[in-house]
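You will see chain A twice below: alongside chain B first, and alongside chain C after that.
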Partner chain A sequence: MRLVPKQIETLWTLFTAPVVWAAHFLVCYIGAAIYCAKPELVGLGFSAVRAGIAAATVIALSLIALSAWLAWRQWGFGTDDPPHDDPTRRDRTLFQGFATLLLSGLSFIAVIFTAMPALFVTECIR
Partner chain B sequence: MSAAVTERSRQEYKAQEERLRAVWANPAGWRYWTSVNNYQIGLWYGSAAFAFMLFAGVLALLMRLQLAVPDNDFLSADVFNQAFTLHGTVMMFLFAVPIFEAVAIFLLPPMLGAREMPFPRLGAFSFWSFLLGGIFVCGSIFFNAAPSAGWFMYPPLATDKEFSGIGADIWLLGLSFIEVASIAAAVELIVGIMKCRAPGMRINLMPLFAWYLLIVAGMILFAFPPLIAGDLLFEMERMFDWPFFDAARGGDPLLWQHLFWIFGHPEVYIIFLPAIALMAMIVPTFSQRPIVGYSWIVLAAVGTGFLSFGLWVHHMFATGLPQISLAFFSAASEAVAIPTGVQIFVFIATMLAGRVIFSTPMLFGTGGLAIFIIGGLTGVMVALAPFDWQAHDTYFVVAHLHYVLIGGMLFPVVAGLYYYYPLIDAKKLSDRLGRLAFWLMFCGFNIAFFPMHLSGLRGMPRRVFTYPAEIGWDWLNLISTAGAFVFAAGVLVVVFDVLRPKHRQPRGEFNPWNAGTLEWISEPEENWGVRSIPIVRSRYPLWDQKDLARKVNEGRYYLPDAEDGWREGLVTTVLDAEPVQVLRVGGTSHVTIVSALSLGAAFIALTFHWWIATALAAIICFCAVIYWLWTGTGEIPEKPEKDVGLGLSLPLYASGPDSVGWWAMFITMVGDGTAFASLVFGYFFYWTIHADFTAGIAGPNVVWSLAAASLFAAAWGLMVAARTVNRRGATATMRGVLVLSLLTTVAASAAGLAAPWFPGMDPTRHVYPAIVWILVIWVLAHAALGTVMQAYCLARSLAGRLTPKHDMDLGNVVLYWHFLLITAVITFAIIGLFPAAM
Partner chain C sequence: MGRYFSLSATSLLLASGTAGAQSSTQSVLEPAGAEAQQTAVLFWVMLSGGAVIWLGVVGLLLHAALVNRRRLAEKSASSIILWGGVVFPSVTLCALLVYALWLMPGLRPFAQASAAALRIEVTGRQFWWEVVYHPAQGPPVASANEIRLPVGEWVELTLKSADVIHSFWIPPLGGKMDMIPGRTNRLSIMATKPGIYRGPCAEYCGTSHALMAFSAVAMAPEAFRSWLAAQAIPAKSAGASGGALFLRHGCGSCHFVAGTDARGLIGPDLSHVGSRATVAAGILPNTEDAVTRFIARPDLIKPGSSMPAFDMLPPDDIRAIAAWLRGLQ
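So, the complex of A and B:
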């Protein structure tokens, strides 16, 4: 079994990192919302929510980092510079890699943005 | 004349051209209106949206007159309420979103080097639905029956029949109808952009406009369905007293706010991104160089598309949600400023790197961006919850949203109008009038809306119909009113410029702005989009492929002829745009109008609770759609392959994931799945807000629920089996399996109905039985549609229109069943098992 996935030919990889952001966002929001609505359900304190958000964030950032690495590979490890506008399969792949890499960067920042409230908010005040 | 053309006999060339022209020609006389060609549909769509915009603009002027002086009695409170509700509704639903569907339908085929969108009749259907729904909603104000509860229709005000009258029903049903039209357009755009580009137009060469529209269509797919789900709950409450938003019976008005804004915030970007897409076409042309940072624009479009779904609660900061929830949305609202900023810097960089020609389109574009940036900055302010608590529901927000929408959308649209007008009429609009319009609009806008920041900070709430004199808002309001009329004068100049007769003006030159993208090849006089379908090798083919235009017009690329008498285009692969199929699209037809008008009639009759008329209209619509499908889709071609020119021969038929129909089904069902997910969200939402969300009411029968789930799974298995045996050529077995699957579906539906029926769940008593019933009804309605599809496949097979080799219909129906299986299993597992697990 190989640890690093093979390079695949599809448009969908472009959306990997933003999808991870979306999943992380939903986990954080829904988790906190359910906890604040029904704190008795789990019987743990708010610190458990914060720990959960921290764990989700670490997982999300790792996945995005992996997606970024794959994108970097698809981009030929940065050997060519944009604009990647030649009518060749190679330039099309490089473009995909570069755009995916950029999106990974944006998603990485956005995940950190989403996680930051857990640093400051310590209870379910309304 | 080049050597190649002289070789071919001139006559043959002429005959080709004539055949192609005849196939794409529009009918004459009143039948003109049955056209489905993207040029006509785009133009009608755009003109109708523009007309609605002018109507909503007049409403705004009436409101500004009312607010010009304190204690004014120009409009009554009730008319004022109707005016602002309709103003917001029309601008959002009947102008901002449809205008881009219009522009996209008009521009995309020539821009992608295609002849037509993949489903032209669907586009026509979408337009007629939009027109009828729009007239219905707008017309209501002349009968003093317009919606009056604000464009976001918050319950409990809007669910209260005494306060909101029939207006709320008109809003709900009229707009649901238009939302259906939007989703139809999204299907069309996604399939068109992914599968119908000119050969060679790999995704790294695709015009940025197409990138943006692809993202926007994807957003429509996830943003509109929650609103449709919300509309369904809302209308069930108004029509049948199911208490979804009635707190006294366990409902919660906040659920509507969630569903509305899950739609409503992405909608802002659904409006904004296509406007920026126009800028991404205009800026390179007037900088006379390729865009700087193509990949960065793709980053911005995709990034904004995703992040915009994490913002909806910032419209609900003042509703008392836990602070941590507010903080998540505040964070995402700040994060979305990053990709938005990237786009603006890309434009600035492109302008700096090129030699900018300050033409009228550029004036509107850059002026709009300047306004938009101010709106963006106040957006960052209101994204902070503590500031928002101060500014919420004041004129500060009114100023913010108009800066964003008019700067980010209206100005770029006018820029696009001045830029692309030569494609409509082969003549430019007047530069002098354009500049005059710009300065009137730009100054008028700022004079009208900048003071609103101040009146808002001085505490003026939005939507008040008048105010007392001594409170300090009077002169600010007077300035705003004056500015609004200056702005309106500017809009009027644009309207005059478009409508003034131009027949004495000589025909303009070809590609008057010296643009680099393919849409400038098309000639307004011709209906065929492109004379022949070119091979694209550049992001700016007209700049880089020197004799492209000439060769296209000499018919030297693909499909220069229409010898079979069909409207034909090419299907290409998603990534590298390699040609794989010839797509025959539907031509001129009445059936789109009949189905749109009958569907509209059903919605309108429903508003007035005319049940028989509703049923009649629905039956007509059903028959029309079946006729449309039967005669216009999945046609078995007279030969398997066709020579498309340049030595290439391509198949005429495809089924499964290779066919555009399969993709359309997939995309539609993703949207449908989102609506279903919104209802499931509602179920769990009610669970979170109550200690015991069943309120002691007996839940659905577990055994019947599980039986329903299992039977649906069995019916699905039979459908998959039917497809397999059909491919093996066992036609008779396939028919038998289809019938068996149909019967199983009926049994599954009966079991599903029994689950909440036998415990006697009364949906008007409490929200718990209501939400269970709505989920069950959702599945049953889909199952009913599923049986229609099964019967349709059976009939097609019996009629010889579905064969082992030509099984597109069956493939698409099986795909539908995948989604139906997921929907049914989730529904019955939740309603049967979740209450017991809690």
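So, the complex of A and C:
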């Protein structure tokens, strides 16, 4: 069993980071909404919501970092500069790797922005 | 940032448009409340930040177009894109977001440790505001289309709607909060400067939405308390004939006037209507002429309102009723 997945060529790797970003967004917002609508359901304080958001954020950032590392590998660790616009299999792979790396960066920042309110908001709206 | 800018532009327009009816301010740029003060600072910080960035970008554009038209080497172009297009915007946005989020708990003191001494229940109706004061001691006091509050004290507003969605907003005092049928929303505000401020309905609610407003009067705490105590006692108006006509023509089936047989709850409470700055929910000055005109043809002044026209009454009766209402101080 290998720790790091084998390099595979599929368009789906491109969407990994944005999908993690979307899932993290939903977990944070839906989780907080459910807690604030029915706090008795969970039975813990609002700090539990903040801890949950922190955990979800750490997981999301790790997954995005992994996706970024895989993309960096697919991009050949930056040995070749863009634009990768030759009609060859090699350039297609490098282009996809580079695009995935950029999307991972965007998703990384977006996940941090999504989680940031939990640093400051300490209670539900009454 | 765009939202704040358009809000203040709108409120400036509205303030100038209604200056004739009432000399009160409705601008978020002239804050007179704790929350509005922070919102105004946030607006100026965002505006200044945006202006600096805009000047920088335009300056670079002019530099590239007029001063230095040389092609950049690919390496330095890439580093400009990395630092100017990725790192700088990310860090700047992060800083502005942190600042705005840091303000949030203070902007909306949702669950203060100590309950506010005064709670005011405001119910939006097409097209007026039902107001009930719930002081810590003493019975509730009903009013309409005017909200008075003590300067320097947190007041809790309980916001409801009886028909459609309205939105409660006193721009110089704080942010707005929707009034949603079947739901109770809460808002805490604190006025920091005495004055009369105009509050518009901030959510389209029907034909006369733009004609639905109220005045918020921020008073010194002592003056406020004696005013509230006086409001709890029925007003005595001279011109008893107007009062008798008010009852005889059936006005009391919709309007409540404390101390009389007028016990209707459909229209605004008129117990102390003479003491209000405006009538017809913030759109007419409180004069005998205006009240007379409104009684005769409310549909002309406020299209879509529930009150029927009473122009079939003898003009002298209408005038006597208006004089009596004005006397309800």
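The rule we apply is simple: the second predicted complex is superposed on the first by the 125 of 126 C-alpha atoms of A that agree within 3 Å, B and C clash if a C-alpha of one lies under 4 Å from a C-alpha of the other, contacts with A are read in each partner's own complex, and residues count from 1 in each chain.
In this section, contacts are C-beta pairs under 8 Å (C-beta built on N, C-alpha and C of every residue); 3 or more make two chains touch, one makes a residue touch a chain.
On a predicted model such as this, the values are computed, not experimentally measured, just so you know.
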Touching partner for A:G76 - first (chain B), second (chain C), both, neither: neither
Partner chain(s) touched by A:D91 [first = chain B, second = chain C, both, neither]: first
Dominant contact partner of chain A by residue count, chain C or chain B: B
Partner chain(s) touched by A:F113 [first = chain B, second = chain C, both, neither]: both
Touched partner set for A:C124, first chain B, second chain C, both or neither: both
Set intersection of chain A contacts, chain C complex versus chain B complex: 109, 113, 116-117, 120-121, 124-126
Chain A residues touching chain C - in the complex, by the definition given at the top: 81, 105, 109, 112-113, 116-117, 119-126
Partner chain B, residues of chain A touching it in the complex: 9-11, 14-15, 18-19, 21-22, 25, 28-29, 32-34, 36-38, 49, 82-85, 87, 89, 91-92, 94-96, 98-99, 102-103, 106-107, 109-110, 113-114, 116-118, 120-121, 124-126
Chain C residues within the chain A interface of the complex: 74, 86, 90, 93-94, 97-98, 101-102, 104-105, 108, 110-111, 186
Interfacial residue positions of chain B with respect to chain A in the complex: 194, 200, 202-205, 290, 293-296, 298-299, 302-303, 305-307, 309-310, 320-325, 327-332, 334-335, 338-339, 536-539, 574-576, 688-689
